[in-house]
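This is the structure, below, for whatever I ask next.
Note that the chains take the letters A, B, C, D and E in the order they are written out, and that residue 1 is the start of every chain.
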Amino acid sequence: MTCLGTLAAAQSPQTAPATDAEGPTAAAPGFEGLVRALPDGNFDEVEALVSAIAETGDERATGVLEALASGDLHRLKSNEAVVIVREIGGDDHAFDALSGESYGEIPRRGSSAIRVNNSLRRVVAAAVGTLTLRHPDPARRLEAAQAAFRAPDAAQTDALSAALDAETDPDVRTALAEAVAVATLTAGTAPVPTQLDAIATIAARGDGVALSVLTPLTGSDAPEIASAASEAVDRIERVRQMWSAAQNVWFGLSLGSVLLLAAIGLAITFGVMGVINMAHGELVMLGAYTTFFVQEIIRNAAPALFDWSLLIAAPLAFLVAGAMGVAIERGCVRFLYGRPLETLLATWGVSLILQQTVRSIFGPNNREVGNPSWMSGAFEIGQMTITYNRLWILVFALAVFAILLFVMKRTPVGLQMRAVTQNRAMAANMGIRTGWVDAMTFGLGAGIAGLAGVALSQIDNVSPNLGQSYIVDSFMVVVFGGAGNIWGTLAGAFSIGIANKFLEPWSGAVLAKILVLVFIILFIQKRPRGLFAVRGRAVDG
Amino acid sequence: MSIQLALDGVTRSFDGFKAINNLSLTVEKGELRAVIGPNGAGKTTMMDIITGKTRPDSGEVLWNQTVDLTRIDEAGSARLGIGRKFQKPTVFETQTVEDNIALALKDDRSVWATLFHRRSTEDTARITDLLELVKLTDHRTDMAGDLSHGQKQWLEIGMLLAQDPELLLVDEPAAGMTDAETMRTAELLRGIAGKHTVVVVEHDMDFVRALNCRVTVLHQGHVLAEGSLDHVSANDEVIEVYLGR
Amino acid sequence: QSGDPIKVGILHSLSGTMAISETTLKDAMLMLIEEQNKKGGLLGRPLEAVVVDPASDWPLFAEKARELIEGEGVDAVFGCWTSVSRKSVLPVFEELNSILFYPVQYEGEESQRNVFYTGAAPNQQAIPAVDYLMEQEGVERWVLAGTDYVYPRTTNKILEAYLQSKGVAPEDIMINYTPFGHSDWQTIVSDIKTFGSAGKKTAVVSTINGDANVPFYKELGNQGIAATDIPVVAFSVGEEELAGLDTAPLVGHLAAWNYFMSVDTPENDAFINTWLDFIGDDNRVTNDPMEAHYIGFNMWVEAVEKAGTTDADAVIDSIVGVTVPNLTGGMSEMLPNHHITKPVLVGEIQDDGQFSVVWETEGLVPGDAWSDFLPESAPLMADWTDPINCGNYNTETESCGGVTN
Amino acid sequence: MLRVDQVDVHYGAAQALRGVSLEAEIGKVTTVLGRNGVGKTTLLRAIVGRNPVSGGRIEWEGRDLARIRSDGRARGGIASVPQGREIFPLLTVRENLETGFAVLPRAQRSVPDEVFELFPVLRDMLGRRGGDLSGGQQQQLAIGRAMVMRPRLLVLDEPTEGIQPSIIQDIGRAITYLRDKGEMAIVLVEQYYDFARDLCDSFHVMDRGQIVKSGTRAEMVDDEVRGLLTV
Amino acid sequence: MTSLIDRRMGIFLAGLFILTVAVPVGNLGLEDRLVPSYVVSLLGKYLCYALLAVALDLVWGYCGILSLGHGAFFALGGYAMGMHLMREIGDRGVYANPDLPDFMVFLNYDALPWYWLGFDMFWFACIMVLLAPGILAFVFGWFAFRSRVTGVYLSIITQAMTYALMLAFFRNEMGFGGNNGLTDFKDVLGFDLQSDATRAGLFVLSALALAAGLLIAKAITNSKLGKVLIAVRDAESRTRFIGYRVEHYKLFVFTVSAMMAGVAGALYTPQVGIINPGEFSPANSIEIVIWVALGGRGTLVGAALGAILVAAAQTLLTGWFPELWIFALGALFIFVTIFMPQGVLGVIEGTFRRRPPTRDLTAAREARP
């Protein structure tokens, strides 16, 4: 597009730049001049500036470039100084990029960020990489090597090789070797045996990145290279197939854990008590909003506690949703025992009211709930990516399940809960406080829904509609597993999850969902009382 | 006389527990047969198997020496002419006593026939007779769910008779009845035997005695003894496991 | 101001699934009307907003539209978000000869005499964004990911044709559809990762609808797909959607719109300040459809003043050619095809939940009702002025589409 | 001591009990006899708190029960074996028995040995679901479950229904044993005349919602009472 | 045997008759329209909902089949009619294709898919209005009832059915217009759908269909078959033991009910002007259940009343209190369940006569999962 220059001019019409407006190549200014020129260049020019800054080797370069990449390098509107903006206690403070001098707090719109785009970020990363290849911290060196790998540049081959020779840390060595290999292959000028070595080095990674490097080489003009590359590609592909099956199982388990969480409260209120609780989704939503609320307070009052936010939110969400559950039970469900189908009508009303209340209080929009650091990112097992949030959600779901199972099967309250729901009048004759037990049972189911909300806030929208999107699936899981059987809910959730994830790559997400539904319908024909059916005389009277 | 019902080597277990264990039994057409035996001997389960509610694990159940009852469901067995009264009275609670009987009346059971059914005067007369017989005339328009336990028992007997089945399986008809009514029930059953085949389960020995028929004693899912009441009551094992001393 | 109020209908869902997006537009309209009344109303008469809740229920949109026009006697309606809601009310506006301003980007392939499309047509959003990726990021491989409904399907169809016309091989295009509200993105994100690891620069063009975006971006962030590796450009993700997300892991992903809150113009500053005052919450954001309503409302006001009446026929005639300032520093014009001219901006997500504009078109782009990249619609055009006066005029047969008899 | 005084019970518009009065003392068995549908079950349900009374007064250990709900009455020492057994179908036999713990202090929460002595079959079937038991087994379970509560008033509605003869004898012995321990009052509804007569200390015959004849065991004249039980 | 038109039915039908005469007259007959045109279609829509509620009450109220998928039958009827209306547009569509509806032109169809054939004929569409839902119900019911799927299991698989259909109809590949559904209808049998006379005609037809639906349902429930249905509802297994093939009975009412729902959908589509996959959404089907419960389950007339009440409340409240109406509606549902256990009709009639309380016992039994 030809309009880039125009755009840059249009976007910074304020004042004439401090340095030569024609760009950095006109003169050969030192580090400081280069930095001062940053705000005025268009993206191509800034890329050139970045490389030049890196080449100066100035010790301030890394800091400035990193600030640039993260969007923290600004120009003050007041004095046009190039500054690094840091957030201190919720306010923006500016520090001179060259001298480090503080300009204190700056007003909103008091400075304009130097604009970066993705290709610029890549250039910065590569530039910072070269600067940090010899950094004392091995972690930084590793990052640098990886950056070099991602943005291969034939010109850097020598620098990388030198760094490799000097490197002692084995991980960094591997990374560097790969970076050298990829740079070599990109250049494509090295002797064939060197290139074959490079192919071997890359192939040893065995992952998708290796594929992306090697696949283009299969069309190489040199037959040895082409055949070595395609052989390596084939090998990697075969291994990847196995990993992708494993990955699907993991995705299935993870989807299953979400379904389990969403459904497990319902396994109590619906499965055990027989109350068609249409407000279940809204109880989940309350849990999610509790998480939001807790994080909001933490953000404002004690940002250091952010990583603890979920641990604080979980018990609170249990209490909030549980209390709401008790209120729903005492307020309307209890008048409806003996005609549980009508609970559908009443709880539908409750769900409308809860949804709209939240909409009125918190607004109709999504609310931001952040992942604590221990729930962010991913790690790799072989070629499987496992994201921390999904992993913790799986653990959490299983823990909630185990606790619930214990409460229901091993505690007197659990026994009373089951007795009351099977024959309320007789339970009363046995001296069980049915009202209290009903409230506790419903409260437990609701509280668990709240816990689910805490977990779901980590992967989904926190909006008034949150609950609605899970309610159908939740009922499906409970019924598919066999209502009244908590183990059934577990098995139901995981089998639906895994089935879905194995179908999805093959049929697409929409069709996969349809197929799973059809499968459930057919399965119920085979087992009319679900996967873990309660059978025998006890049920068919 | 021909054989109405024959069980041969029937076994059925629940989670490894053999409720019916290699049970063989034959009942002649028109016969009145009492089945007794300890609680849990498998009497009710046996009826479940005959009526298609429960499928046996192995063994054969033959109806009129031809039809294999193990392949037939509840409605199918009813249509063959097997009627049943349950141990725990089950009636249609939200319908009137009269309608309960009317529903059970022997008639074409197809969807179209019931849709266009009109009650004939004979039907009405028969309902009246049956209600009289089970002493529920006063409750004719009451909801069946409002009856007392014993009244429900009677209503079930009425429904059973209304079906006019070839074979009546009667599970504990006298439970919850006064002694006098028990005797009346025995008489009633004796009266219909001959034209119909009747198999009765009861724990009330006076009742069984009044039936004055062949008695089969079940124990742990198979036949322990068979013969007249006097014959089986003299059996030590029967005394031991069932009658008590 | 005196005389009977002029009634303006607001037809946005305040409950149900679309409330999340549409409620803000209702508020924006209330604000615009309030501001106009402060300026003395219209034709010397006060404006009165009539708000109804079509509850995200498409047939209910038609019913409510009828109620607004026939029952309440409103002179213009501002409303709808989803295409299906618009389709649902179209016959009503046609039959009762009233006016609808539709503020959301949509799939095009439509021009109706009673409707004014103030959101982007595909040529005002999708195509420029793809151009940007091709030229600035050197993208060669494309994932077209969308929610399974007409807007993404149409947009992707247009893009597919466009990309192929630019020499992109079919195997370098992956198309993927998901259901509404899809929340488990693990497989798809991992597929994108795989697709992107074939050695060619890859980008995702997302027409994923509202609710599904948050879990999508959360998964992107967690699976570590950085914008520098595989950038995602979205057409339905704006400031409002980002407000529900921690954007730190998403910095650098893109969106194409005709307006961003971060655009630094006096008009925009004033608009933002009025909005924040009106809504009484400093954390609220503005977004593209709000700007569309801003433009549409001002155009209507001007057209009414020009016509001297609120009568629909008069306004429909007078509004074509009306030019009002938009919030990004240009002047938008109502075209004879009832679409408007708009700038196209590409913005990158920042860690503060705002977009920074990295690219914009030189001038304003006129909205095209009928895409030039689809064979059936290429010969069609819309022009609601004499002598053509037709929404689907076939330039080959020189006849007006449907009306052959 | 239980005192039922002039109690009326209505089902909707229909009156099921009319001015019924009776007393049951600790260490005594009080039986109620009557044909089907005369109101025996209704009376017992009124005592345990399942049917609201529309007139009269029920007093247990000197306290008026009117405002006390079923669970409160159970905690006050009233246990019942209802007609139709009312086993919790999905609970195991053990769990069914343990529902009786609700009224017991923690230290006493065990199933008394006498339950298993009386009904050995229950011990064999502890893990089986209550609903799967045979009718007679369920009846035994219902009685055992009431015994777990260590009640001071035991209300039995036709407890021998569906039970094999040898166990009926055992139940009879058990009732005698419980009575003779002198810790509880027993109200027994029976149709099985001989059984009732052998056990009772006093008897009441009901007809059409009223008590038409009462007396001590000594006053029980077989033919007269039997006459009232036939139509 | 009680007569077909009992007191309750008589009053309702009389009211319906008055409405059927008064509304068109008020709309067309008088110079200054007493009844605005939009109200005519609105009332017509209510009547379609009422018919749908009656259909559900027939299976739920009388046979205990709590279908959470009845919206699917309604939608299929609606689509069948919508397909005909699309074909009637002919070459008046935006792309002026004489055979293909606009969305097909746009999605590059060369020819009509086979399942669209025949829909240009009105009579064929009418048959399909009955057959499409009827066959689906029959096949679905055949499997489900034969396998003895009951209670919540049945409810949830009916929900799964409608949910799956919704997702399927959302897919553009299905050839039903995807999310946008079918819309922009022009006329039916040559009558302009936007003319007041056609609207009034459709309204009258809806009223007739509702009356017919009520009478058919009443005839079924009054017959001995109706008693068998109630027997099935209260004690399914017992019904089998006296020789009734329960699955046949269920299949019969389920299919009849589905067809009734299909007719309701067919009349609904031209009156609201759009049919789209949203009609298949599980929430819609739940709403139908709510109409019935609110009106009074197992009363037919109550179900119709409940549908009209809720729909009217929605119309009025969304206009009166656009921001608060959800609260009002929610509160209404709660209030009715707690204070009107027999539904609205129960309260109206309760003033005259009491009903036995045993109904509740059976509801309890059948809902236990």
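What to note about this one:
Here is the rule we use: a contact is a pair of C-beta atoms (placed from the backbone, for glycine too) under 8 Å apart; a residue touches a chain by one contact, two chains touch by 3 or more.
Just so we're clear, the structure is a prediction, and the values are computed from it rather than from any experiment.
Chains that touch both chain C and chain E: A. Minimum number of contact steps separating chain A from chain E: 1.
Of all chains present, the one whose mean CA position sits nearest the global mean of protein CA atoms is E.
Chain centres here are Cα averages; for chain A and chain C they lie 28 Å apart.
Chain A and chain D have CA centres that are 62 Å apart. Within chain A, residues 355-356, 468, 484, 510, 513, 536, 541 each touch two or more of the remaining chains.
Among the residues of chain C, those in touch with two or more other chains are 14-15, 148, 179.
The multi-chain contact residues of chain B, meaning those touching 2 or more other chains, are 14, 90, 146. Of all residues in chain B, those touching chain E in their complex are 51, 53, 73-75, 78-79, 83-84, 86, 90-95, 99, 102-104, 109-111, 114-119, 143, 145-146, 159, 163.
Residue ranges on chain C touching chain A, taken from their complex, read 14-15, 17, 19-20, 23-24, 131-132, 135-138, 148, 176-179, 181-184, 186-188, 190-191, 193-194, 196-200, 211, 214-215, 218-219, 221-224, 227-229, 231, 240-241, 243-246, 249, 251-252, 264, 348, 350-351, 353, 356-362. On the chain A side of its complex with chain D, the touching residues are 412, 415-416, 418-419, 422-423, 425-434, 484, 534, 536-539. By the touch criterion given at the top, residues 270-271, 274, 276, 278, 332, 335-346, 348-353, 355-357, 360, 468, 472, 475-476, 479-480, 483-484, 510-511, 513-514, 517-518, 520-521, 524-526, 528-530, 540-541 of chain A touch chain E in their complex. Across the complex, chain E meets chain C through its residues 36-38, 41-42, 45, 91-96, 103, 105-108, 167, 170-172, 178-181, 183-185, 194, 272-274, 276, 278, 314-315, 318-319, 322-323, 325-326.
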